[in-house]
Every structure is written in C-alpha cells, then in structure tokens.
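The two complexes that follow have subunit A in common; it is paired with subunit B in the first and with subunit C in the second.
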Partner chain A sequence: MDIPGMGFVNNLFEKGVKQTVSDKIDETTRAVLAGIGVKETRALLRGEAPTEKPNPRYRAQVKSFMLHIRPKFYQEGSTWFTHTFRLGMLSTLLFVIETITGLILMVYYTPAPEIAYFDMLNILSNVNYGKFMRDMHRLGAELMVIFVTLHMVRVYFTGSYKHPRQFTWLTGVVLLLLTLFLSFSGYLLPWDQLAFWAVTIGTSMADAAPLVGYQANLILRGSQDIGAGGLLRFYLLHVLLLPLVAIIFISVHYYKVAREHSISLPAAIEEGEAPPAKVAAAKRKIDILPDLLTSELMWISVVTTAMIVAVSFFYSAALEHHADPLKTPLHTTAPWYFLWLQGMLKLGDKTWWGVIIPTIIFLILFAVPYIDPGPSRLAKNRKAGVTVGILTSIVIVVLSFMGTGLWGVAAPPAVELVQEFIPEEGVGLIREIPYEEMFIGQYHTDDPNTWPAGELGLVFSEMAEAAHRESEKADNNFFEGKMMMEIEQWSPVLKRLTITVLWEEIPEGSTTNERVENSYKKIFFFHENANYRLLE
Partner chain B sequence: MARRTPEEILAQRDAWMARKAAREAGEDIPIIPPLKPGEEPPEVDTAAAEAAVETVESEEAVSEPAEREAAEEAAPAPEPQPAQPPSGGGAPKPPASGPRSPEEVLAQREAWMARKAAKAAGVEPPPALKPEPAAAPKPAAPPAAPAAPKPRAATPAPRKREEPKPDAVDPNITRRELLNYAWLASIGLFAAQTVGLSLWFAFPNFLQGQFGGEFPIGSASSVLPEVNARPIPFTDGKFWLINLDTEGPAGEPRTGVLAIFKVCTHLGCLYEWVDVTFRFECPCHGSKFALTGDYLAGPARRSLDRFVIKAKDAAGNIRTQTNENGDPLIVEPDDILVIDTGLIIQGTSDIIPA
Partner chain C sequence: MLDTRILIGLISLLIAMSSVVYVGINEPSRQDEFKQTFAGREVETGAAIFEEFCFPCHGVKGVGIPGVAPALNDAHFFTNRLQEIGYPGSLESYVKSTIAGGRPIQSAEGPYPQNMPAWSTEFGGPLRHDQVEAVAAYVLHWGEFYKEGSEAPLPATSVECDTPEECGQVLFQTLGCVGCHVIAGEGGAVGPELTNVIGEQGEDFVRQSILNPNAVITEGFQPNIMPQNFDERLSDDDLNSIIAYLASVGQ
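== the complex of A and B ==
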C-alpha cells in the first residue's frame, strides 16, 4: 500500500537523517525554482558555471512561467546603459508600481461625486500611510509618462524602429497613448477643482472632433456635463479597461523584443562602424540567470527607494478645493504632459488645433518606420530624421510653455499680484505663515515703518518687490503699484486678512495720458486650526 | 579565438598527440607555443594528423590488452605510451583502422558498453579519474585511471572536456555570493514591509462619533440617567447608558455606570427596553436581560456585551475606566464620560443554567 510519506520515512532509515533532509530540501528547491537545486543556486549566486548537464538555468526558463518570456541571453552591447538607459524596463516597473499602489488605494475610494473628495480627505488624514500611498501613486504616474516618452525618444534617435522592429514600434506608440489616457482618467478621480476643470477641458476637445465629437463627448462624460456618470466611467476606464488593454499591449511588445528581434545593438556595432574588439565585446552573450536578473533587481530597488525618499521628503500630490461646476479657478491648467495641447489650443480654432493636428501628429508617429524606411540606423545616414526629431522636441517644449498660465491668459496685474501670494487654489506664501505670526495691524508697502516682523514681514517685503516689478513693466498699464495688508481678529479663532492693491492707470479710450487711481481688494479668513502645510 | 567545432578540436588534439608521439620516438619536432589572445590557430593538416594518429593507434591497439592488465596492477605500463587509449575516456574518435585481434575487439566493446551503462546510470565518469564500481562488470577498468597519477614522463594526461563537477563548489563564501545573499535578504525584508504596510493601510481607523470609535457624551452629572431608572439609548453609538446601584443574580454588588451594546448576544437583533416588565427583551427569539445586563431567560448563551467607559478629568486624562470584567464603573459627577465602541467586553456565560 502506498502511504504518502513512507518513501520519506524509508529514506530516513536507509540514508540517514541528514542526507534525507538535504535531499528533501533540494527536491523542494527544484520544485519551486523550476529545476534549480540548492547547489546550482549557490553556483548562480557565486557567478560560477552551471553544475549540471543539461544547463538547469536554461531549463528553468523553459519550465517556469515567470521566466519563460525572458530571452535566454542578452548580447552585451544591448545591456550597455548608455544605449538604452533601461527606459523600457523602468516603464514596465512603473506600470507594476502603479498597479500595486492603485489596488491599495481602491480600498478607500468610492467613485461617486458626493463621496470621492471626502474619501480623498480620509486617505490623506485618517488612513495609515494613506498620504504615502497616494503620493507614490501620483509620483509613479508622472514618472511613467516621463519614462515612456523618453523611451520613445531613445528608440527614435537610435533608429531602433527599423526593420524588423516596425510592429514593435507600433505597439509602443499605442502604449504611449494608453499611458497618457491612463494618467488623464486617473486625474479626475480626486474630484477637486483641478481634476474637474482639467477633464472638462479635455473632454470638450473630444466634443470638438468633427463628425463624431458630440457622441464621443457624451460617451466619455455620461451626460452633457461631467457628473456622477462621468466619474464612474472614468473610474472604470482607469481601473479596468485601460489597464487590461495595456497589459495586452505590453505583453505583445515585450514578447517581440524578448523572442523575435531582441534589444537592438548600438547602430555603430551592427553596421560595422566600430573597432572589431568592441564589436566582439558587444556580441558577447550574457545569460539572464544570474547577471541580468540581479541587474534588474538592482534597478527595481533603486527606483523604489528613490520614489520612497522623494515622497517622504520632497514630493506631495496637491488637493484643491472640492469640485465646483459653477466656478472655474484662475490659472486652470492641463496636467503638464498635456500642456503642449493647451498651448496649441491658444493658437486658434479648437477643432483644428485640438483634434486634427494632434491626430495628424500621432498618425505620423505611428508611421515613422515607414516614413523612414532606409536600412541604416546610424545617425549620419539619417540626418533628416534626427533633425526632425530634435526640432519636434523643441517645438513640444515651446508649446508646453505656451500652455502654462504665463502666456496669453494673464488676468489684470492687480489680480495676478494677489493670486501670486494667496492663490485661489493651492497654498501660496501667505497661507504658510503660522496663525500666531499673523500679527494684527495695517501694513503698507511704501512705508517700511509699518512693516511687520518675522515671517509675515519677509512675505510682505516680497509683495512690495512684486508690486514694484509689475509697475516697472512697460506695457501693462500699471503704474505706481502699492499693496496694503490689514489683519484683524475677527473672532476668537478667526483672523481676517484684507489685501488691497492700489495703482494708477490710463483709462481706456483716454486721449490725454492722464493717470487715474484704481484699487482692487480681496478678503481672506484664517482659522486657528487650519493646517495648510499638509496639502502643499 | 573563435569557437572551434568538435571536429577541429579533435583534429588539433590528434595532431598534438602525433607530435608528442613523434617526439618520444626521437624525431625533432619543434614545440608550438600556446596561442596569444586574438591569435588564430594555424591550420591543422587533418590528413597528415589522421595518418599519424592511425600509426600511433595501431601501435597502441597491439599493446592495449597488455597495458590494461598492467594497469590493473598499477604497474608502470611499457614505454612509450603515446596515445590515450580509447577506452579511457570520452574520445569519440574510433580506434585505428588497423586489424585488431578478437580479444581486443571484445575488450573494447565491453569497455564501451560499460561506459554506456555508466552513463545510463546517470553518472558521467570523468575520464581516467574514477573506476565505476556500480556499472556492469567491466573486465578492464579504464587503464589510464590508475596510470594517470603515475609519473610517466612521456604520457600525456587524459584530455578531459569541461565536465560538470558536482562537488566542486567551494565551501568558502565569495564576495559576490555574500553580497547576493545580503541583497536578497534586503529585498525580502522590503517585500515583507510592503505586505505589512498594506495590511496596516487596510486596517480601518474609526473617527470620533463614528461607530467603532469613541463617543464623548458629556459630564457624568448632566448625561447619566437616574440611579436604577430606565436606560438612555444612544443610536449612533449603539449602546444603552445605565446607572446602577443594585445587586447581581448571585448577590454581588452592581454599582456604577454601564454602557451596554444594543445588539443581542444571541443572533444579532437589537433588543428592546420594556418598561412594563422593567427589563430588556429581544423580539427575535425572546431572550431576556435585567437592567444590569445579566441574562435572565431565553436562548442567548451569555449576558449582554458592554463597552469600555473612560472617565476623563477636565484636562483630558483618563482618571478611571471600565475593568476587564466589564463591571459597572463608579464615576465622579464632573468626570467627562467617553464610551469607546472599539473596545467591547463580552458578557459572562457563568450564570447561564446548564
């Protein structure tokens, strides 16, 4: 009769305890590590040759699901840091980090307009490590957009989209689009002013599309305006549909890289422009186990540590006021990776600049391998392509600057002055001053005797400087600018701050150049218990 | 050096052995120095090499049986012994084309079958190192095995391929190995921390005023019911507030304040306070409890559960709180009472009759 475990007991008697136990451990290790036993693991970690025939490391790559998609080896030239900068691997790593932090955040988030913002406040203040997880998720999203774009730029400039990698490039552009949409759909979920208005602008661009714009807009938003339907649809996009499609495309993209055409070698190596010793070195084979696996583990550790340090000390995701469909705040702006689009929108008709031109740009991106079909990847043989690439990058940067609030949408100088120090959304210099240091009194920028002490005084001197700077500008019709600040104790726990801007201007349509005085006043309240530094 | 094909390897080897044999035989053949890095080996004249080998091996074939017996006794074999006998290891090149005696043929065949059996048994015998005891009977153990350590000046050591060495991993730890262990340990620690952090993240925190959190209800003088009067319900906190000065079922004193959980200890319904009978009665299955929370009758198996009451002074420090048995708490009139619905004490099952 075959009693399970009898084999083990028999071995105990026949071979002794030590031998049986070590055999069992070896057997278990082989089962878990797809055929790599204890001795072979040690040889791996020591960087020595395989201890068995056939090579158990290659066998592991055949038998193991986790390893089967990796190539058997890399050529050394494709692992040089200055060739790929590891950008493709880092993009995938960030996708994984985003998935993990996203799943964790889903524990505390409900995609309903009445609840979403308060869930955000809960995550930031009441959930253990909630702020940490949220900041990691936000930082990871921004880094992922950066790395994916840099990866595309690298592949473009090394000409690695050429035969036989054209289809891989195509899937890569799809992944770029997916990354941008993932980031955009997640942007709405906090349901604050930033989210609400950025997405309103974005979906209005969908509305501007010819022929199908109206329907596209309705499908995205779930109604004319962004509301409960829109939030739920964006949530489903962000959490289910786009990640699924992204996983499919990442799999196709990487499978082709790993199995079909491998990472490219530097063009100079492949096309015979390098000394033979370097070519030989570049074509040397490096096995996945252990060298490349340990290298990837190192990169994972470095990137994760860097993100944790950044989130702990330097980076904080902002949260503005609750979404208000009735008020669009000053300096409403798209997320930074869409600033180029916002810049283009300031140039003219929204259909042309918001839909048609971006579509043309992406179609050109898709077609790059066919626009530039020459077989050589060397930069000197692709002068036109490289030039176009550099010019496009510069244009995108310039458009992004145009997309910021600095260009073309400035409010009157007085409003901008106040906005600079107490913005409608965000913290600003004045709100950072502790409640106790907001000394009661009246302060004028042109009478230094009235200036307050401490941090308040420092900020006030900056306000004086800013007013002076605006006055010096030649073309803004703003002369002799002065600022006045009054702080009163409004209630035992509340202080009232009034900021007044006084200036002289030439009235519109005036024939003489006579100046007229004008003023602008705004009132703010500060509570004893408010803690603006949490959300800065 | 480019990778050589097996044929090239064998051709070079044979050429070398031919040169060695010729040198033993007295010919003056210059020694070819080893290749410098980047240098290609000179072309090997395969035909000449093969011819030389055949000569050598026909000599060797003649002397083989004698040599083997001699090897068995570990006696020095007759000089010169130029070539590696084919039976001694993995040389795939077939023996010389010269006529062999039937005994030689049989001996070679048996040696080959022994090697094959050894391979099938899973052990790859390193040539000339270990005689294989567990395999099929080999009348001629690899003769070179005992002969190789002998200082036979002119005999080349049997040429080995890069055989795997199962026992050859040095027990001393290398720097690379140690660092790999350290990094794996730190990654493992990080993974454990991530799991722990996720669990900590997922553990809910209850706010004040939210069930599961604390409920500050006011000062004792203002909020408590009359002593031994009907209890006061608190809906959000899901508890009854009771002020006692009486005795329990066994006569023990029950003096102080109780905050009793509104959920019946039977199956979870919310029981009612019934003025007429001056006790708690559950509408679902009829469990009945006294004002003190003690079980009176019905299918419930324990007395009512209660929350921890914290009596705080004006500064917010906890002066006293409910003990771990859930006994009523004696409070001062100006204590501020806080009911902690996150800390629940189960009622006793002692008084339930068997």
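== the complex of A and C ==
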C-alpha cells in the first residue's frame, strides 16, 4: 500500500506499529537535540561511548547554538575542582537565576516612590511565590558578588591572568564592577529605609568626585536628592543597561575562554613541576558531551537546590519601613560588599578615600597582568604577587570591619542603649517578645522589685546590665545610667512602650565637674499582629 | 551504570521540587500572616504619627477635645458620622481624604474655630502618601471596637495624678494646650510660650486668659484661635491644678 503524502501511515503497514512509533520518537529527539537520537541520549546519560559514526556528539556541537559556543573539549587538569571551584560557571548560573527571578519580580513592580513600597508589600503578601522569588533574587545577588569575587581571587592566586589571558582578566574586572553595580542599583528598588539611605550614602560618593562630582551626582540621582527621578534611573540601570552590558562582557569573556585559550591548567602542570604521570592525566581531553555537561548539570542542580532550600527554610530578605528622606536611621551602613569602602571613608577625606583611591585600586586591578608580566605562574616564582594578594585580602577584611557600625560609633550612649534593645529598623530583643508577654506596668532598672516576669524580665535585666556597663565606661560622660520602661494598653490591640534613659553628665564647658541630670525618651507602639520576626 | 553525578543531580532536583511544593502549600497561610503583620505595622506607624501631629487637636488616643476638634475614637464617629453629613462614600475614603486635604470649611457641629489643615504633601502638608495611609489605618482600627456586639473599648485616657502639679500637667496634655503652647521646649507655636507665664504675668492674668482668651491678645498672635469654652469645661480644681503646674514649670 502506498498512499501519497501519508508516509507515517504507510510505514505503519510496512514496519509495524512499534517500529514506526520508535522511529518517529527518534526522529523528534534528533530534531530537538541537534541530531542526537534516543539510543545516543541513553549512552550519553550513562557515560558510554558514542553509538554512531561519525560521532554525533561533535556534530551536535556544530548544529546547536548553545553547544556551538562551548569548546569541544577541556583538558582534564583545567576541570579539577580544586583548580577552578567551578566559580566562573556558578557566577554565570547566578546571572541566569537573577534574570529569571528578576523578570518575574518586574511583573509586580512599578518604579515610582508612591507605589514601589506598596508593590513590595503586595509581592510579599498577595503574590504566590512572591516572597520566594524576592528572596531567591536577593540571595542570588549576594552569592553572585561572592562567587565573582572568589573567581577573581582564584584566578589571581593561580596566576591565570598571565599571557595569553590578560584581556580576559580585564573583561573579568569589568564584570566584577558590573556585578557590584547591578547589586547596588537593585538595592534602591524596594524603597524602604535600608534602600534609600544606603543608596544616598553610595551616590554621595559620586558627589565627592573631583570636577565632575556635582554633575555625576545629578545624573545618578536625577535631582539633588534621590526621588522619583533617581528611582527610575536606578531601575533602568538595574533592569536594562547593566544587564545588557553584562551580557556583552560575559560573552566576550567566555568567548576568549572557549575559543582562544581555554581554562588554564594548574601552573605546576603547565610548567612541568608535577610528576609526568600527573601531567599526562591532566592533559587528557574531556569531551563536553557528555562528561563536562553532566558535571555542569550536577553543579547547577546542587547549587540551585541549595538556594531553594535556603530560601524555603532559612533565608529572608529584610523589608524595613517606608523610605523617609527626612529621617536618617541610626547606623546606616552600606551593603556588606561595600563595607570596605565605607571603612575607607572613615580614614579621611571623602574625595580622596571615597573616590580617588578606590578608582586607583580598580585601575591597578585592571592592570594586574601588565604590572606583573613575569612568565611563570607558579606561586614560588611570584612571591611578591602572592604576598600583595594576601595582604590586599586582609586589608579588605579589616576595612570592611571598620565599615560596620561597630567601629567609630557616633551616637550618644543613651541613644545607643535604646537602639541596642529596640532598634529603629529590624527586630531587636524587645520586639522578639510576644505581644501577650509585654506586661502592662512601669519598670525601673534601679528597683528589681518592679521587674516584670517572663521573657520581658530577662530582657529588662539585660537592660539594667547594659545601663550599668555604659555608666562604668570612663570616656562617655554618662554616669549613674538607669533605664525606665512603661508599657500601657493603648487600644485593645495596641500597646505603647515608653523607654526613658536617665543619667548624669558633666555639662560641656563646665569647670567644676558638677554633674547634672539628663534624660532621653523614646516611644514605640506594638500591634498584636505585627510579627517582626517574620522578615528576619 | 548510572553516573553518580546524574544521581546527585536528580536527588537534589527532587529536594528542590519538594521544597518548592512545600513553599507552595504554605503560601495561603504565609500570605495571610504577612497581610496581618503589615496591617499591624501600619497601625503602629500611624499611631506614632497621630500621637505626634494629631493629638494636639483630636486629643490623646483620638478622644477629641471639645472646642478644638471632634472625637474620632468613639461610637458616634464610626456609626453615625457619614449619615450625619450625608457623605456617600466609605468611612475609609472619608478619613483618608480628610487627613490628606484637611477641612476647608467649618465642621458641621460644635464650635471648632480652627479648620483642619491639609496633611498630605500633595496639598502642601507634611505627610507622605504612605503616612496618610498609616494614620488612616490607626484611626480606622478603633472602629473594630465599636462594631455591634464587640466588647466595650478601654477607657480612652486614664488620668492618674496625685499632686495638683501632676494633675495640671495631665490636663495640659489632654486638653490639647500643648498643641499650641510651648512649655519647657515642647509644644506648638500657635499660641505664646507659657514656660514662665506665671512669673511674668501673674496668676490672675493666666486665669483670665484661660477662661476668656480674647480678653488680652498677646502681640503677634490671632484672636479666636483658643477655645472659648474652658469656663464651662474646667472645674475650679482643674483650673487650680493647671495654674499649679504652670507655676511649677516656671520655677
């Protein structure tokens, strides 16, 4: 039988149902997987030798775009885990995760000061998987900064930036900068206090730049202060310009690796320091299909899963109060990956330490391969380079520590005491106490008879200790410190907490050392349902 | 033989999928919890703003100050107010639009010589959109306690005082004096500062000014702003307490 134009039906009669259907499945699989059939897919997954000749895996690399941009093989030594730690690939993975989660978040977000914060509340309380997506995006951003930085550190210490990879290093430093700016530009978008003030501090750095500072600040913020214009600009930077530039640089960076010089081998292999057997093993070829792809898919799966588990059970991105341009929160800090910069700012002049020196640091970073042109990548041949690397890492850690609020705190002791137990933003010990256990009453640290029971009592005894601790300090002009707490039922679902710090101090300019009393009072409201631990 | 890497990949994929399903199952309750939390926090924020900006006229906890501004924290406001003035919208829109735009004309009932100013930045006031929302949430949260069948609300203000000075101070707060007059660095600037008023002007002058505010108008201030009805509202004891308090501050 031969019906024209009905090959499938004809085959059914000629070859039988089973054969025809399996042929059809094989044909479809080949169409989808760039010429790799069912049998071959099975062999790939099982790590077996190719089933056809010529090797269909190489053919797939010509036919498929996604495979075409990969090299055909790596040398085994360049894939050793302890050599690369998969950091480059994982950075790319995070870029992809950020793009996907970011696109979904964009659906629910409007970059306008009147709306942005309410959109955040909506994402968190009305959108299915809204919080999940936001936390993934935030965690991904932080991990991306970590992985990209570690990738650079790895490349530095293995000397992989040397000839012929100088230009690849340069594009890598651009990608580090882009990662930092991507993270930072996204920081503003929730439009809460954290976002607003971190970015205000960040952009004020631009203002300190010599000659162009004023204009640079205006261009970034859209006006003197961050407002509607600034938010829109940061949004466009975050979702459009920076990702676009990043895609271009990732492509250039990866093309160099894939097509020009591949991933470096460990220096000991390349320079013949390792035993010959090891060198031979390291130089064995590993095909992309299936070996490398399997390994990559495993890492992608493992890291993505780790993130999903973290987000599902532990990790939660904070959301503070609505941005308030008139109220600077206590202890505003930059995001942790800019703490080193904030630490440097404490060393002196903003123009020098905030702009000129960081610029010089990045210029040096760009120029590393050209400053250190020695041919050997072995650590023992580049002692100066390795020492500088270690020292720089230590300095960055120390500067970051200096950037935290722990160093060089400026607020008076009474303000700090209140902040310690009930911070303006975030949770703190008092907000962790359940509403029902915020017992109505007046409590005085001086009189233990008044101290409340339960968790509140424990916190209050800590307050007494803290007040005592501050009074003992010699240099803070804070003597005989006491704290008072009054909790009132304000409405059936609302309690009012008044914290008062009482202390004695020597007035400024006084010559007699006579102390006078002073006090500091702060009021907080607690709603029955306001569970602050939710966003911690 | 299945590659171990594929096995690890598949296992973690399963873990990931289970986590996603777990999150999905919990979404409705999580969202409810977040809604409640954010609503609660909004009331907290609103309370802080109300007790900073609104209490001088509407009284602590919104119980109202006769002659200055009506009560918001009472049954009448939540049950009859809209019908009384024939407002066709919801109470929520009434509260929000009044906070945002103020009250450009005299309130229908009661002697309220001051019109409520506009509070939203949109109309030249100091509060952002989200702050207006928060104050509205605080005001409306009282409504829960005036619904039919709900328990009687707490006494709105508890006045506890022992000495005349203390009672005077409480009255100075609850009557709203502090909204317009500065005492010891705290208070509004609509009326003259009172920190040393007893020492400078004498007790009789102060008594007269409270009971009949227009008798003498200090230079630079407007007549008819201060409530004219304190002679009806204050007992002799109250008046003496306020005088005692003012005298104690001036020392």
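In this text, the second predicted complex is superposed on the first by the 511 of 536 C-alpha atoms of A that agree within 3 Å, B and C clash if a C-alpha of one lies under 4 Å from a C-alpha of the other, contacts with A are read in each partner's own complex, and residues count from 1 in each chain.
In this section, a residue touches a chain if its C-beta (ideal position, glycine included) is under 8 Å from a C-beta of that chain, and two chains touch if they have at least 3 such contacts.
The shown structure was predicted, so the numbers you read here are calculated from the model rather than taken from an experiment.
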item	value
Touched partner set for A:Glu52, first subunit B, second subunit C, both or neither	first
Partner chain(s) touched by A:Lys383 [first = subunit B, second = subunit C, both, neither]	neither
Touched partner set for A:Lys18, first subunit B, second subunit C, both or neither	neither
Partner chain in contact with A:Val107 - subunit B first, subunit C second, else both or neither	first
First, second, both or neither for A:Lys285, with subunit B first and subunit C second	neither
Which superposed partner A:Ser312 touches (first subunit B, second subunit C, both, neither)	second
First, second, both or neither for A:Met133, with subunit B first and subunit C second	first
Touching partner for A:Arg42 - first (subunit B), second (subunit C), both, neither	first
Partner, of subunit C and subunit B, that touches more residues belonging to subunit A	C
Subunit C-contacting residues of subunit A that also contact subunit B	45-47, 126, 128-129, 294, 297-298, 301, 304
Sites on subunit A touched by subunit C in the complex	45-47, 114, 117-118, 121, 124-126, 128-129, 131-132, 294-295, 297-298, 300-302, 304-306, 308-309, 312-313, 321-322, 324, 489-494, 496, 523-531, 534
Of subunit B, residues touching subunit A in the complex	124, 162, 164-166, 168-169, 174, 176-177, 180-181, 183, 186-187, 190, 197-198, 200-203, 205, 207
Subunit B-touching residues of subunit A, taken from the complex the two chains share	39, 42-43, 45-53, 104, 107, 126-130, 133, 290, 294, 297-298, 301, 304
Residue ranges of subunit C in contact with subunit A within the complex	1-3, 5-6, 8-10, 12-13, 15-16, 19-20, 22-24, 27, 30-31, 33-41, 43-45, 47-48, 51, 61, 73, 128-131, 141-142, 144-145, 151, 153-154
